Structures are given as structure tokens and as C-alpha cells.
């Protein structure tokens, strides 16, 4: 079975990363922004796994890293959502444009 | 003679002021400053004695302790003739300043603390032989001025204080850059050095000198009111409380002059030669323009502030002429102007305290009401316009004679232009005397004003005595300075 | 290697972890919490941590070079601990009134552990873990003031931007991994070849740090979060978080990317100049003291970058030294802010008018702090700043130094504005006399001593220098 | 060689008196006058003794009077060559000046006891007087040109202080300021001259300078004479510049404007400073450097023409003034003009050519006596009348007999009527002028005529003219003058009569050798005739009240007016100072400083603040913007890394 070349995988991950970044920059809903970050993190995960598998299969560094990223992303999301809920309580909105009392 | 006492005594005074309460602070400050004056005089005699005993090293009473050895920063102190003159000046002005502020009511403890802190900076600056230490003391003598002016000052004090500090800080930034440049370029494999004595022997290349000298000179020059960076002076001096004005014009401006001379010109002799025409031009503008602007001032404190710009021009002119006599004259002018302007500000302060106006034309006839203060004012004025017998004459004439020794049209025209300020000086001084002291009493309320109190009298007498001591017997101080100048500026003097 | 050795190597982490566990147990088993007991306990624990650092100097690495330890790292950890202690002491008064005091302590210690791991890390994995551990709980801390809108808003901005930043950092790390085949610092260094892709990744990694240190243009969250957070958190952010990030930033640059030195020095110089200028320009116009201090800390970060860019062992020593001094000065300033803000919620610079009349001690503390930040002698800040500049000069960064000196003038302007408000301006209704609690007073005294003594006593610098390294 | 060290006492006494009366005068105000007078008496006696010892006992060595340095001390060392020395140099002219200064000063001290009796600042007055005496004496004995300059400034300031003695009068304040500033302006020239001269002669010492500049072959002289600037040699420049200084002090045209105003001071002061001593300092200066001047004909010509013009110019103005002190002031100026041109026409250094030099010094000496007498007499009149205006006087000869007599003597003397002192000195001057330059001689004669006219106009207006002065009658006025005022008048009157017979040329001449002045009868007759003509006209016009003067002045209308207004020189000065310097230079400079130079600094701060305000939207408060910037930063850095660095 012929392997899918690494570049294909990398293409997906890069695309995912920039889609995530784009999403983050354009979305105003904070939850969506958080999801965009998750996309970016997943792109990184793909990267790590792909590099590990294709280039350095003798050690499992990349895969381990991926696991940690997933964990931490979860934690991050938890805290973020907690904060977003708090914001919603105060601002009655989770639109990032609305929460702009602190500026200049 | 342990020079560190010169810093130690002010420091102890500072601690003393912190510990005592309110009114006693002035006593502590006075005792401290008197001790310091005594020490300075003792230092003078010790120095002369050493020299008399045949000690020919360029600086005496040297002391070196490594401080930050990684950076090659040492606590390196020592004195030569020029710094002794400056130390004497500082201690005299300090005593005068403390005495004049004797009746300070508002937050007097803080006031004296800041005043002595300023003096500490000045003393440290004059005895340091390490650029880092010197810069430390230099900056120490800048920022307390902000508080002194903005808290105890008058007029548009906050603006003036801010402008003063920022401009001086600008100057000191330039100095800092050049010091760091010196440090960088003096590094020959490894770390550079801040030691003035060592740096003096390095001999920077022409390009480096041309690059660093203007920064350092302008940086220090801001402090000694180099045109067009002088505008902090009029506002700052006139808004400051009496003692602070005395200190500002009397000492701080001399820090700049001393730095230009003792640091910039010693380190970069070639560049000093190359840039001297420009400095001369700026100095001449400062002298004449300062004097002309002074003529227009109604506010007598402002008048003296602008006249300081003019007088400090002589300092820069003298040093830029690069002859031994002119440099001696520049130093003499620093000392002379320091004492004179301190006296002037002191007496203007006394008048202001009584009349609550600084406008000369609102006073009038004060000589009749307060003969002592009036007389002191006239003496200060006469010193300012360079009357023989007072210090100003000695200094200015030395500058002129020294300047005229350079045999070309440019330098000579500059000298002649500078001499013209003598007339303009006479104009504004006499005008001030005429409108504020002489003439009929304009305000009936002034007729009951009291004359000087004991502390004011004492302060005036001390300052006048110094003026006369220099003015009628200049040989000792000119000798003191001339000997140092010869050794120190051998590379610079044409 | 015995267990004892492991514990000795990881004493800070183990100790902190123990405290967390203890706190959790307390939380579980006690019905009604005695706040002052907890506070006292934490205070003692932090002092214990600090003392623990002085016993022995373990060198070496464990977990397959995941975790490193040497003199420098110990010193850095001690500075972090010390700063945390001061901040905690400063916050005692405020915490006493909080119901969720325990949670605050828990989160704080989590952050602390994260930072310990961060500075100790020898591997990008550990580095990432430490970084996230030091960030996520901090965001939670920033939102600690439930009642206030601003607290929530600040925290939201922080967590979102930090998530974005860590995503970018991670992307960079993944590429590093892809190009070098390792995550270990040493191995990455050895495999690093300055290829275009690797340089590209450097930018991504760089940005991750820049976010934490709040370098322009990655600083925009800083001011908002500083303003929104409780004072204690703000000071923690500005001092400890920034300090720890800078420590590891230097380590990574010097240890992992020496090959690309030329590249990142250029970037550092550029960013340093921009950072101090922008920081200054914004600081000038602030009216809220916390926001003001936020921009001031951005400016300070700009100055620190000079030292980082100078890449000598002296410059590294200068950076650590500066951070130590900065700790004293900033904590001093924040302590004053917190004392006033906790009593009557006043955080505007205008509220400080006439402070000297009623609260001389606070005003003098504030004055010393801002003078130290501005680098005015005789405060330690003068020495710190001058050493940074000197290290820059020794490496020939003359242009940067010129910009820095000009910026110092501007910064003096706004620092003096604070001083002016307190000492010069008249106020009809100044802040009334405040009785300062003992813990805050202790902090002020320690900071006084620090600000006045650290500069003069050359021993401190010598000690730091003996531990530092450079390129 | 005798010991002249006691001469330093002549200087020390006044300065000590100054210190005592200045510091403690308040405590024993009345005593200060006596102290000052006694001190000056001692000084005068010492001077007389010194003169006796110098001229009579010491006599000549090698045919010339020796120059004796009684005392010399380096005061300020500029460079190995240049130093200010303080010392006492005795040579014929300085000894003569010592005598003149101490004599007149003594008289004035004594006179002032009465004149200023009861003044509030009596002690201060004596302090200033002593300070002046000290400075003037220091000036005349100077060994060093810089010493002279120093004392020169000091006399200037004492004059300033004394003119401003009545400091509550605005006019006195203005006059004092004017006197000081104008002379100060002139002193610039002096200073510049010193700088040039000292540079080329490499010395500040009079003797050395003279010695070096007299030596044609020395490289120093060669240098000074060839280095040229704008067509004139350095030496010429130096001497002309120095002469500006002298002209300022001696109130030569156009620097004379301060002198008439200086009459605001107390009259004895005018007698001492503005008639007898300080104003002749300029003459003395030129005389002191005469050997050098004699090398440079151009400089001497300048001196001569300025002198003669001033003499004539002042005489014309004097004819129209109505304030008696101002008349005297212009007459002083005119007489000093005589002395100046006399020096100027002394074309050479040796022998007969040096006649002008002797004559000038002679005239200085005699003029000091009779002009002091005139002023003191005028003082007595003013003291009596309480007015300076001639219109308020008249017919006083009965009331003030002694004053009348001495005033008359003095007027005759100044008009050059034999055998009074003025005749001899003026005759010598005119002879010298005749020998040298006929034009100057002619103008000199004309001036002599005018002098006689205005002096007698003055005399008659005061003492004759109206038969009685009505409004002073009924006031129960005090008598003519107290004894202290009369005695000096008498002494000076006697001096005026006798000093003319001193064979001056024997003692003082340019080269130090004996100058036997020949008496030229025909020249003397012309001079005397000119004087008598003037007197006659004055007698005709003013002895009795008459319409003639008014008619004449009306007939020449505008000319008279411009003369009366002193040719509007004051106005021109006022225009230059007030309008041009003050309004066109100073005010714009102040504006420039405030708005441009300072504005530049403020501008920087404004720009910074505006920038700060302008970029505030950078921190918009919206998280999306923050992240956008963040991302832009990432891209930018990546691009920079990859492409730029």
C-alpha cells in the first residue's frame, strides 16, 4: 500500500491552522473564537503526529506532545468557557465587540 | 585627607534631617553645611600643602575602591585645582542657601532634605574620577529640583519644573550615551573602562572623538545653558524657591560647565579643536542674546535668570577658546558666577518675600526702606556687571585676555562680541537697580517693610565675603586653577 | 538517583505541590474556613519555600533532561518565590475579605508551579506545559473579582489571546520538531541549521514569548487585563509572570538558538525600540494608575530586551538584576495602589492628589518606586537601567541605546506626573489617612530596603553575574 | 633714590575710611565727615611731601625725572607674559595727579561737611567719596594698564553711586545710569584696546609697553605696526580704541552726553569728579601712553580733532544753557577738549614738539583748581538759592561777597586773563597748536572767546543782572555759607591765582627733560584779546537786564533752539537705545526666545502628546483587533526574519 506523502498531511494541517486563525480573526462570538483556536491546536496536533510518523518514527516525542496538547486544550477551554460565562453575566452578550469597556 | 568625608557629611546630614522633627531640620542642615564648608576649606589648605610639598600628580587624595568589578566600575575619587574650586563654591552656596531658607515654614524638613541631597550630588560629581560614579551623582542632582521647584516655587512652577527636569534629563541622556560610547570604544578585548584617568591616556581615534564629543558637550552644555538649550534656565530659575534658584544657577549650571571641561574636553581633545568654532558661535550667541533678552525682562528674578544664561556663555566661550588663560577664565567664571548669582537670587528672594512681587517696576525706592538688602542687591549687581574688586571682573577679564591670545579674526571678533555684553549687562543691572531700589517709593505699604533678618544678613555676608575674596585677591584661586589646567589640558591647549 | 535527590532537585515544585494538596484537603475537610489561618499558613509556606532555595545548590537534570536545575535557575526561582511572597503579603488585607480566599491560593500556587517548571524546563514539552500552567490559572485569577465587569472582560481578553498565542507557539514548536526531530533543547540546538523554515519557526516561537512578556505589538491584552484584574493579580502579572517568562526567554534564545543569533538580535533590537516607544506614548496619557503601570511595565520590558539582545554573560546578569530591582519597584508601587484601592476603590491618578499631606509613607513609597522605575539615582533602578544600557553598549547597540535614552526622558515625564499629583497638587478631599496593615507595611519596608540598597551593594550583582551565562 | 613706600598710605587711607564709614557709618554719622576729611588731609600732606621729595629733593637723574616703582605686586597672572600687577608708579605726571586729586578731594571733603550737613545718608556720602578718592588715586599711580582699567571702572562706579546719591529723584537715577552706561560703553573700547595692545606688546606693564613700542627695530614693534586690520595697523587700532575709553570718561564728543546729566549729583561731587579729577582721566590716559601715541600720527590726529571739536562744540552749547551746573559741565567738556587737542598737537616726543604735552598737563592742573572753585562756588550759590536755574538768581554779589570774588577770579582764569593761572596754561596750549596745526589754533582761539563769553554770562547772571532777588528776601535766610564751605573757596581762589606761575615745563614734559617754554608775545595777545572780547560781549549783554540776548536768540530761532537742545545728541542716543536696541533688538529677541527657542521645546512635547493621542485607537479594546495586530506581528516578523535579516 503506497503511503500518503507527508506533504499531503502537512497541507491539511497548514490549511487547518490558517482556517483556524482566520476564524479567530473574523468571528465575534467568543465561543466560536475558542473553537477556532481548537482548530489551530488540532492543526498542530496533526503536524506533530505526522512528523513523528514520517520523519522520526524511532521515538514517540510528537505523539506524546499531542496528548499533552489535547489535555491542556481541554483545560484551557474549561477556564475560557467559565470566563465567557462570567462575561455573559456581566455584558449580557458573548460578542467580543461588546466587551470593550477597557481601552485606550 | 579622606575625600569621602565630602560625601559622608552630607549623607549624615540627610539622615539627621530625616530623624529630627520639623523645625530642627534647619539646624541640622546648617550644622552639616557649615561642617562641609569647613571641610572644603581644610581641603583647600591640605591641597596647597601637598602641592607645596612637591606632589605633582595630576589629582590628589585619590582613592579607588572597586565597586562593580565586572563592569570595571570603581568608586574612584580625587581632586585637582578645578574641582577644589567647585567644591568650595558648592559649600559656600549651600551654607547661603540653608541660611536664606531659615524661615521656611511649609514642609521645611523635606525642603532641607532635598536641598542637601542636591548638594550631595554636586559634591560627589566634583570629586568623582569615574564616569559611572560621576554620572550617578550628576543625575542625583537633577531630579530633586523638580520637587523643590514644583512644591516650594512660585509663578508657573509646575510647568517650569517639568521643563527644567526634562531638558536636563535630555542633556543627561546625551551624556549617558556618550559615556556608554566611551565605554564601548575603550574596550580593547573585554570590558571597557569608566576611569577618567585611564581614559585620558587611551586617545580615541578621530572619528570616535568627532562622534562622541558633540553629544557629551551638548549634554553637559544643556546644564550650563548652551544656546539654544537654555530655555529651562529662565523659567526654572525664576520659578524656583530662593535656595533652589541659588543652587540651580550657582551649582547646577556649573556641573554642566565642569563636565564639558573636565570630561568632554579632556577625553576628546581633537574633537574639541574641531568643534571649538561652533561652540564659540553658540557661546557668543548665548552671551549677547542672553543679555539682550535680559534687558526686556520686567521680572527681576527672570532678569537674573536670563543673565545667568549670558554669564554662563563666558564659561563656554572661555573653554572653547582652548588657550590656557581662557580655560582658567572659564573656571574662574564658573566660581564667580556661582557665588554672584547665588547672592543675587538670595537678595531677590528677600525682596520677594517682603514685597510679594517680582516685578521690578512695582517695587521702587526699596533702598530707603531696607538699606541692607538694597546694598546687597547693588553689590550683586556690580559683581554681575564685572566691577573690579569683585569676582566677576577677574573671571571675565581672564576669559577676554585668554580669548584674545588666539590670533585670528574669528576668535577675536568673538571676543569683541562677547565684550559687548558688558555694556548690555550694565544696562539691565542698572535698570533693575534704578526701578526697584532707587526712585520714589511706589507702594505706600512698602514703607513699613523690615530689613534683613540675622540669617539673611549672615548669608549675604558669607557670599559677599567670598566674592570679595576672589575679586580682590584672585591670585590664589587663579594659581590653583592654572596649575591644574596646564597639566590637564596639555593636549587641548593651542 | 535517589528519591531524595529528586526531591532536592525539584524542591520548589514538590513543596508547592504539597501546599496545593494540603489546601485541597483543607477545602474538603473543613466546614468553615478560617481565612486568616490560611493566609498565615501560606505566608509561612512561601517563606519556607524561599528558605528552601538557599539550602544547597543542586545541579543537573532529571527525567531525561526534561527538567534542569542549576544555580541560575535556582536564583530565578528564588526571585519568583520572593516576588510571590511580597505580592501575597501585599494582598493579605484584600484576601481576608474574600470568601474564596482558598481558591485564590490554590490558583496562585498552580501558577507558581507552572513557572517553576517553565524556568526549569530543558525540553519544549516541559516548556509548553509550564507555560500553560502559568497562564491558564492566571486567567482564572484575573477573573477573580466576580462582581466587576472589568475583571471578567480582562480575563476574557487574556484567555483568548493567550490561547491564540499558544496555538501559534505550538505551531512553531511542531515545525521545530519536524525540522530537528527532537524537542530537547540541546538536541534542537545541535540539529539547528538556520534553514529558511527553521528561521520561520523561530518567529512563531518568538511570538509565544513576546506575548507573555508583552512586547509590542503583542502587548495589547496587557493594559486591559492589568486594569481589570484585582491589584494582587495585576502585580503578579506584571512582576512574576513577566519575570519568569523573561528568564526562560533568555535561556531558550541563548541555549537553543545560538545559531540564529544574528537574526533574533535584529528582531529584538527592533522590537525593543518599538516597545519602549509605544509603551511610553501610551503611558503618558493614562489616568488609571493600574493601566498606567501596565504601560510602564511594557516600557520596562522594552528596556530589558536591550539586555537580552546584548547576549553576553554580563548582559544576562544585568537582565536578572534588573528584574530583581524591577520586582522591588513595581511591587512597591502596586502595594501602594492596592492599599489605597482596597480601602476605598480609588485607582485614578487624580485621586492621588495631595496624598502626601495625609499619607506621607505611602507617597514616599510610591515616589521611590516610580523613581526606581524611571532610573533615578540613588534608587536601584538607576543601576539596573544603566547596566542594561551598558551591556547594550558593550555589544555595540548604540542606536538602540540612543532610542532608549530618549525614551527615558519621556518616561520620566509621566513618572513625575505621579509624583506631582502626590506631592504638589492640592486637593479638596484627599484620600484620608490610611492605617496600613502589618503585612503591607512589611512589604513596603522590604521594598524600601531593596530599592535603596540593591543598587549600592555590588555583591548582589556579583552574585548574579557569577551564575549567569551568555553567548 | 629715595624711599617712596609711604605713598601706598595715600591709597590705603581712603579705602580704610571707606570701609569704616561704609560699614559703621550709621552709628556715628556726624563723625564720618570729619574722619574722611582728616584722612584726606593726611593723604594730601603725604602727596605734597612726595611731590617735594620727587621734584625738588630727588631731582633728575641723567637729565630726566626717573620713574619710580614704589610698590608692585602681581595680582592676577594671566600667562607668563601677561599679568595684572597692582603697584604704585611715580613719574612726573602721576605725582602731579596725586597732588591734584588729593587737593581737590580734600577741599571737597571739607566743603561737604557744611554742604551736606544734616543729610540722612551723610556717612554713605563720605564712604562713596572716599571710595572715589581711592579709585582715582589708584588710577593715577597705576603701573599696569590693567590696573588702570580696574581703577577706571571703580571711579566709574563711584561716580555712578555719587550721581545717584539723591536716589529718590528719578532724574538722578536716570543720570546715574546714563553716566555709567555711556562710560561703560566707551570702556569697551578701552578694554579692546588693552587686549590688542597687550597682545602685540606681550605685556600689560606700562613701562614695558612703552619701552617696547619706542624701539623701532624690535620685532614686537614691527609686528604691531604691520599687522593690519581694515587698513590700519594693529597699534593704531589699539591706540584709537584706548582713546575711545579716554573719550568716554573725559566726555569727548560724541560720548559727552552723560556729563551734563551727571550734574544731578551733589555739587561738591561735581566739583571733584566731574570737573577736576575723573573727567580728566581720559587725558591722563593718553598722556600716560603718550610715548606710544607719539609713534602713531593717525592716532594723535584723532585725539586732536576730537579734542578741538569737543572744545568748540561744548562751548557753543554752554552759551545757551540756563542751569548753572550745566554751563559749568559744558565748560568742563570744552576745557578737557583743550587738553586733548593739546596732546594731539604735541606731534613728537622730543623737545619743543612735546610742548603740547606739557601744556596739556599744565592746563589739567590749573583747570582742576579753577573749575573746582567754580563748582564749589556754584554749590555755595545753589545752597543759598536752592535752585540751579540762572533765572532764579541775579544780584547776589551783595549777599555773597566772598563767593562773588572767588567766582570772578575763577572766571577770569578760565577766560585766560593774565596773570591768572588759566592764562598761562591756555597760552601754552594755543602756542603748541599754532606750531602744529593752524586750523586747530584758529578754532582754539574762537573757543577761547566763546569761553570767556559764556563764563561771564554765567557770572553776571548770578551776581549782577537783576538788582535784587525779591523772593529770597523774606525768608529769614541763613548767611552766605558756613565756614567749612568758605574756606575751600578761599584756598582754591588763592591757588587759582598762583599756580600759573609754576614753571611747569621744567617738571613735566613729554621726554622728561626740561622744556623751557618760550613766551610768544603776539600769540599771547591774540589769546587774551579773544578772551577779553568774549568778556566784553557778555558784559554788554548780561551785566544789566537787557533785551539783547533774547532778541538775538529769537533772530536765529531754530539754530538757537538746536543749540539749546544740545544739538539733539541726547535724542539721537535715546532713539538708538530705546527704539532700536530696546524695541527692535531686545524685544524681538525676547519674543524669539519665548516663542521660537522655547517654542521648539514645547513643540516637542506637544508633538509627543499628539502622537500619544493619535495612536490611541491602536488599543481599541476589542479582542479581535488585538489578535489581528498579534497576527500581523507574527507575519511581519516572519517576513523580516526570512527576507531582511
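Lettered A, B, C and D in written order, each chain numbered from 1.
Throughout what follows, contacts are C-beta pairs under 8 Å (C-beta built on N, C-alpha and C of every residue); 3 or more make two chains touch, one makes a residue touch a chain.
This is a predicted model, so every value here is computed, not measured.
*Asks:* Name the chain with the Cα centroid closest to the overall protein Cα centroid.
*Replies:* Centroid comparison flags B as closest.
*Asks:* Please identify which chain has its centre, taken as the mean of its CA atoms, farthest from the centre of chain B.
*Replies:* Between chain B and the rest, the longest centre separation is with A.
*Asks:* More contacting C-beta pairs: B-C or A-C?
*Replies:* A-C
*Asks:* Report, in whole Å, the distance between the mean C-alpha point of chain A and the mean C-alpha point of chain B.
*Replies:* 65
*Asks:* I'd like to verify one number: the distance from the centre of chain A to the centre of chain C, where each centre is the average of its C-alpha atoms, in whole angstrom.
*Replies:* 27
*Asks:* Roughly how far is chain B from chain C, going centre to centre by Cα mean, in whole Å?
*Replies:* Those two chain centres are 42 Å apart.
*Asks:* In whole angstrom, what separates the CA-based centres of chain B and chain D?
*Replies:* So the centre of chain B lies 36 Å away from the centre of chain D.
*Asks:* Touching two or more other chains, which residues of chain C qualify?
*Replies:* As it turns out, chain C has residues touching two or more other chains at 156-157, 160, 164, 168, 223-224, 285, 413.
*Asks:* Which chain A residues reach two or more other chains?
*Replies:* Only 21, 24, 33, 96, 99-104 qualify.
*Asks:* Would you give the residues of chain B that are in contact with at least 2 other chains, written as numbers and ranges?
*Replies:* If we look for residues of chain B contacting two or more partner chains, we find 166.
*Asks:* For each chain, which other chains does it touch, given as pairs?
*Replies:* A-C, A-D, B-C, B-D, C-D
*Asks:* Which chain C residues qualify as touching chain A in the complex?
*Replies:* Residue positions touching the partner: 124-125, 128-129, 132, 136-137, 139-140, 143, 146, 149-150, 152-157, 159-160, 163-164, 166-168, 170-171, 173-175, 177-178, 181-183, 223-224, 227-228, 285.
*Asks:* With touch defined as at the start, can you tell me which chain A residues reach chain C in the complex?
*Replies:* By the definition above, chain A touches chain C via 17, 20-21, 24, 30, 33-34, 37, 40-41, 43-44, 47-48, 50-52, 55-56, 61-62, 64-65, 68-69, 72, 75-76, 79-80, 82-84, 86-87, 89-91, 96, 99-104.
*Asks:* Flag every residue of chain D that touches chain C in the complex, lowest number first.
*Replies:* So the residues of chain D in touch with chain C come to 605, 608-609, 611-613, 615-616, 618-619, 621, 623, 625-627, 629-630, 632-634, 637-638, 640-642, 644-645.
*Asks:* In the complex of these two chains, what residues of chain B are touching chain C?
*Replies:* 66-71, 121, 132, 135-137, 139-140, 142-143, 146-147, 150-151, 158, 162, 165-166, 169-170, 173-174, 176-177, 180-181, 183-184, 187, 191-192
*Asks:* Residue numbers of chain C touching chain D in their complex, please.
*Replies:* Chain C reaches chain D through residues 156-157, 160-161, 164-165, 168, 196, 199-200, 202-204, 206-207, 210-211, 217-218, 220-221, 223-224, 262-263, 266-267, 270, 278, 281-282, 284-285, 410, 413.
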